[in-house]
Amino acid sequence: MISFKNDYSEGAHNIILERIQKENSIQNIGYGEDEHCKKAAECIQKQLDCYDCDVHFLVGGTQTNLVMISHCLKPYQAVIAADSGHINVHETGAIEATGHKVIAMPSKEGKLDVQAVQKALDIHTDEHMVQPKMVYVSNPTEVGTLYTKKELESLSDFCKQHHLIFYLDGARMASALASKYNDITITDYSKLVDLLYLGGTKCGALFGEALVIFKRELNEDFRFSMKQKGAMLAKGWLLGIQFETLFEGELYQKTGEHANAMAEKIKNAIEQKGYSFQFTPCSNQLFPILPNTVLQKLEKEFLFTDWEKIDNNHTSVRIVTSWATKEENVQKLIKQIEQS
Amino acid sequence: MISFKNDYSEGAHNIILERIQKENSIQNIGYGEDEHCKKAAECIQKQLDCYDCDVHFLVGGTQTNLVMISHCLKPYQAVIAADSGHINVHETGAIEATGHKVIAMPSKEGKLDVQAVQKALDIHTDEHMVQPKMVYVSNPTEVGTLYTKKELESLSDFCKQHHLIFYLDGARMASALASKYNDITITDYSKLVDLLYLGGTKCGALFGEALVIFKRELNEDFRFSMKQKGAMLAKGWLLGIQFETLFEGELYQKTGEHANAMAEKIKNAIEQKGYSFQFTPCSNQLFPILPNTVLQKLEKEFLFTDWEKIDNNHTSVRIVTSWATKEENVQKLIKQIEQS
Amino acid sequence: MISFKNDYSEGAHNIILERIQKENSIQNIGYGEDEHCKKAAECIQKQLDCYDCDVHFLVGGTQTNLVMISHCLKPYQAVIAADSGHINVHETGAIEATGHKVIAMPSKEGKLDVQAVQKALDIHTDEHMVQPKMVYVSNPTEVGTLYTKKELESLSDFCKQHHLIFYLDGARMASALASKYNDITITDYSKLVDLLYLGGTKCGALFGEALVIFKRELNEDFRFSMKQKGAMLAKGWLLGIQFETLFEGELYQKTGEHANAMAEKIKNAIEQKGYSFQFTPCSNQLFPILPNTVLQKLEKEFLFTDWEKIDNNHTSVRIVTSWATKEENVQKLIKQIEQS
Amino acid sequence: MISFKNDYSEGAHNIILERIQKENSIQNIGYGEDEHCKKAAECIQKQLDCYDCDVHFLVGGTQTNLVMISHCLKPYQAVIAADSGHINVHETGAIEATGHKVIAMPSKEGKLDVQAVQKALDIHTDEHMVQPKMVYVSNPTEVGTLYTKKELESLSDFCKQHHLIFYLDGARMASALASKYNDITITDYSKLVDLLYLGGTKCGALFGEALVIFKRELNEDFRFSMKQKGAMLAKGWLLGIQFETLFEGELYQKTGEHANAMAEKIKNAIEQKGYSFQFTPCSNQLFPILPNTVLQKLEKEFLFTDWEKIDNNHTSVRIVTSWATKEENVQKLIKQIEQS
C-alpha cells in the first residue's frame, strides 16, 4: 500500500540524517545548551530577519502547544481557538490537562477571524467566567487552507489592542511558506505574532519543533516549563543539528515546495475529473469530495483518511503529501483517479 | 575537554543509527502502531521471559515518569520515593504538576527500604492527608548504587501486601544488568515490580525509553495518557527500531558492560590512590571524594559534576561513563589521577 | 430597590436559622462526621426512597461540581454538557482547572438530548481525543426549563448502555420538584441518575449543597477529594442541621412551592400583557422578552439581569423568585408591568 | 464527654449569630460585593492600620491556602514550609493538586527559620528543579508556639531580599494576638508579610476566613481564582457580617483572650503536677507529655488528640481551648489532672 495518510510516515531528509550521523560520536552538552542549538537559533533568527527573540527546540507538536500555552496563562485564563483547531480536537485535552479552557469558536475553512474572537471576548465578561488571554491559530490550518496576510494582520491588530497573546502553530509551516497561494513571507511573522511554532516533524526533520518567542517577557523561565512537562530532550543537540540544517540554507523551503508540488499534481487530476473539494486546496493537504465508488477502488492501493460523509454517495477524504512523497506514487494515484 | 559529566553526551550506538538510516525512506504507520514497535515489544517480552505484559515507547525519562505515575494515581493519591529520587529532586516538580504529592522519605545510598515505606504509611492515616498508593525506586539509583534481589523482594512483598503499585525507574538499567555487583537478572523483574522503565537514552539509543506494564489493569487507556501529555511520538517507529535493535540480541547488555568496564578502571585508579567514595561504586556512576587540589587539576582537562562539599579540603564529584566512553579518554583520566 | 436578580439574596428560612441557634453552643464532632450529618443523610435517603446510596454535604455549587466531577474522571476523560450548562459557562473553568475538558454540545431550552450525547461520542473515537465518560445535566436547567421524565429516562438508558456516568445538578431542585410542569418525583431519581446534587443555597438553606452518590463505587475515598479541594467544612454539622431541617419534613418542597407560586404570578402578568418568553416558564426563573421602553421603567424600582438583546427594541431579562420572595414585592412588580 | 479536641466544635459567638439573624431577611448583593464585606474590609484595614491592601473573605482554611498559593505561583514555582506546616501535612495534597510542590524543611517548635529557607534556595539552583517563590508560615504554629517579632522580621527581610512572597497563615490569629507571650501587634503585620490570613472559623465566627493582600499586584484577578476553585460564597455577605462583627470592636481580640485564659489554667495545673510539654505552651493549644496511666483516666471523660508516643509509658496529647470553652469544663479537667 502507498500511504497518503500523513506527512510523518517516513524518517528525515537525507541531509539531516547525514548530519546526525556525522555528529554522532562527538560529545555535546545536554539539554539544549549546546552549540548546535545556538547555531540553529541564529539561523532561524536570520531567516525571520528578527534577532530580538528567543528560540527553543522541542520534540513534538502537542508537547510544544501544551508547554507554551500553560507557560503563558494564569490559572483562570483561557485560549481562543477555531473549533477545528488542533488543540481543541486532536490533543486529548492536553491544554485542559494543564488547567486551561480552550474556547472553541465556529470557523470557516479552518480559520478564526476577528469577529469570532470579538464574540469570545463579549461572552466572557467577569470573574464567573474564564478570562480569554491567548489566540491560537494554525497556518496552514488543520484543513490545509492558508491565512492571507490581511487576515493575520487583522487578528494581530485585534490581539494587540485587547492584550491577547497571539500564538501561531506552524506544524506545516514549510508548506505554507512554499505555497503559491501564500502571501506571507517568513520575515512577516515577527510583526504578526507573539509566539511562532515552526514545525520540523512534518517538514523534513526526523522529529522536533522550533518555538520562537518574539514577546520576550514570555520567555522568562520557559526552560523550567519545558523540563517540568517532560519536554527538554537530554540530547537536545539532536534537535539543534536538525534545525540548523533546515534553516542554514533553503532546505526548509524546499521540503515545502516538494510537498506542495506533489499535492498540486493530485489536485489538478481531481479537478480535471470534475470533483470538488471540501476545503480550498492551498498546501500539502487535500480534502476532495469523491464518489464512494471511486474511493472503494482507490482504497485497494492507497491509504488516506476518511474525513466526512457528504451525502449517501459522496465522502470527503484527506490526502497528504510531504517532502518524502515519491513522484512515481503520485503518478500511480493520478492514473487511478483518471481511470475512475 | 573530555566529558565524564553524563551518559548522554553522544548520539546512538552505530548499529542503531544504521538501522534508522536503512528504514528512513520506508513508510510506517504513525504513533507507535507500526511493526517495529510491535517487534521491539516482543523482543523485550522475550528477554523478560514474560509475555503477559504491555510495552510502550516514550521519548524521555521525566516524560515517562510523569505519564506513568499520573496515569495510575487518583487525584488524592501520592507516590513514595527516596528523598534522593529523581522524581523528587530533578524533574522540576513534574509529578506535582500532574497533581500528586511525592512523599520523600530519608534514604541510605539512594535506596528506599521497607521501614521507610512503612513509616510513610504510618503517618498518612486518613482523608486529611494524601493516600500513599505507589512506591517509586530507581535501579541503579541516582547515586549509582544497586538494590540487591533481597531488598527488591522485601519492597515487592510489602507493596503487594499493602496494595501499593511498585514502579521501578531503570533509566540506566543496562548498567545494572551488566554489573558484577548485581544479583537481579532481567527475568526477575516481572515477579518483582508492577511497572518497569527500561532506559534507552543513557543505554545506547539515540533517544527513547521503554515502559513495561506487568500489572495489565494499569495499561487500560494508557495511550490516552501518553497522547495527552505530549508523549506519543508521531514517528513512533523510530523508537520501535531502536528498542528492537537493543533487545533482539545482546546489544542492551553490551552497552552496560562497556560503561561498567570503563567505570571499573577509573574506580580502581581512584582506590589505588587511597581516595574513598561517597556511595559504593556499583555501576557507571562514581562519586569519589577527592582533595580539592586534585580536582582543580582534573578540571583543566575533564568535565564532571561537583556533588557535595565534604569538608574544607574535600569534595565529592560525579563521574559518569557510558556505552560511548572511549578507553583512551579513560586512560587519560587515570593517568591524571595517578599523577595527582 | 427590590431584587429579582437571583435566589440567594436573603439568608435562610427561619426554621433553619432557629435550629442553628439552638445547636450553637453544643459540641459537635468536626468534618461532617457528626450526628446531624448522619440524620440529614437518613432523611434524604427516606425522601428519595433509596437507602443504597451515600450522602455528602458541601458548601457551594461550583465546589460540588468540581469535587464530584474530578473525583470520578481519569485524567483523559471528559464530561459532556449542554453549551448553556453551568459548568461550561459560569464556573470560571473550574472543571478544566482540575484537568478535564467539558465537551459542550448545542442545546435547546437549556437541555441536552440523546442525539447530542451520541454526537459527542461519535466525534471522540480514539486516543487522540478526550474520552467522554460523564454526562452532566441541570434540572431545572440554567434557563428555568424542566426535563420531562421521558427525556431523563432516555438519557439515563443511553448512559447505562454506553457506560457513561450520569450526573444531575439540582441546584434549584426544590423548584423543580414543586413545579406543576414537573412529572418527575423525588423517588424517581435513584433510578435515573448516578449522582444527584440537591441544592440548599437557593432552596432555603443559609448555604450548602447535598450530594447523593447512588453508584456507590464512585463514593470510594470521596472524602479525600472533598478535603483536597477545600470542600470539607470544619463545622460540617452546620450543613447537617440545615439539610436535616429541609428534608425531615416538607420544608424543601415548600421552599420550592413558594418560589414557583411567586414566579407564576409574574408570568401570568407578563403573558396578559402579550409579552412572550425566550424559554418556556416552568420554575422560579423567568426569561420574558420585554420592550426596552418597559425595561427602562422597571429598572428604576427593580433589579434583574439583562439576558440577551433580541432585536433593536426588545431584550430578554432574567427574573428570579425564591423561598424568600415577598408577595408584596411581586405585586409591586406586577403593577408596574400592567401599567407599562 | 467534654471535648478539648479542637477549636471548632461549637458554632459562633452569640453576637455574630444575632447579627446574622438580624440581617437574614434583608436582600444583599451576591458573591462578596455587598456592603457588609466592604465594611468588614474597612474594619480590618483600620485594625491593621493599613489601608493600602485588599481584603477577601473565604469559607475555610485549606480553601484559603490553596486559592491564594495557586493564584500567586507560576506552574514551576514552589512554596517553602516547615515540615510540620498545615499545607504540607494536613491538606490532602491540596497545594500539589493545584500543581505546586511544597518544599518541606525541618523545623523546631513548628517554626521555619532563615537558615532553613536559605537551604531550600541553595538546593534549588536551576531549571531541573522547582523554583522556590513563596514562604509559608503559620502563627500560631500548628503546635501552638508563637513566632517572635524578631523571628518574623528576619524571615521578612530574607524574603524581600530574595524576592520571595511571604504568606502567613493565621487560622488561630486571635489566640496569637491575645497571648501574653506574643510581642507582635496586629499593626506590625503589614510591614512583615505580603499575605495575611486572619482566621474566623477557630476564632468566634460560624465559619470563614479573611485574607489580606498587602502586596497589591497579587490581588490582580484574585476573584477569578476564588470562583474557579469554588471559594466564592454566593451569600458572601454572611462572611462580611461576621468579620465586621469580629473587627469593628474588640471581639476578635476577646475570643483569643478567653481561649488563652482557659489554656493557661490547664497549663498551670499540668505544670504543678510536674509534667512537661512537647512544645512550649504559648496559645490555645497545649501538648503535654502525660503518663499513659493518667491518660487512660482522662479519656473516660474528655476528648483530646493523641499526638506522639514519647516512650513506653508516656504520650504527648493535644488539648485545645477556644472562645467557646466553658470554665466549668476546664475546672473539671483540672480536677482530674490534680487527682491523677
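For clarity, chains are labelled A, B, C and D in written order, and residue numbers in each chain start from 1.
The rule is short, and it goes like this: contacts are C-beta pairs under 8 Å (C-beta built on N, C-alpha and C of every residue); 3 or more make two chains touch, one makes a residue touch a chain.
Computed from a predicted model, the values in this text were never measured in an experiment.
Trainee: Spelling it out: a chain qualifies if it touches chain C and also touches chain D; which chains qualify?
Mentor: A, B
Trainee: Please indicate which chain is farthest from chain C, where distance is taken between mean Cα coordinates of the chains.
Mentor: Chain B.
Trainee: Could you state the distance in Å from the CA-based centre of chain A to that of chain B?
Mentor: About 34 Å, centre to centre.
Trainee: Cα centroid separation between chain A and chain C, in whole Å?
Mentor: Inter-chain centre distance comes to 42 Å.
Trainee: Taking each chain's centre as the mean of its CA atoms, how far is chain A from chain D in angstrom?
Mentor: Each chain's C-alpha centroid was found; their separation is 51 Å.
Trainee: Give me the residue numbers in chain B that touch at least two other chains, ranges are fine.
Mentor: 75-76, 91-93, 97-99, 127-128, 130, 224, 227-228, 232
Trainee: Of all residues in chain C, which touch chain A in the complex?
Mentor: 75-76, 78, 89-93, 96-102, 104, 127-130
Trainee: Give the list of chain D residues in touch with chain C in this complex.
Mentor: So the residues of chain D in touch with chain C come to 2-3, 5-6, 8-12, 14, 17, 20-21, 23-30, 59-67, 91-94, 97, 201-202, 206-207, 224, 227-235, 238, 324.
Trainee: So in the complex, which bits of chain A are touching chain D?
Mentor: Listed in rising order, the residues of chain A that touch chain D are 31, 70-71, 74-76, 98-99, 127-128, 130-131, 221, 223-228, 232.
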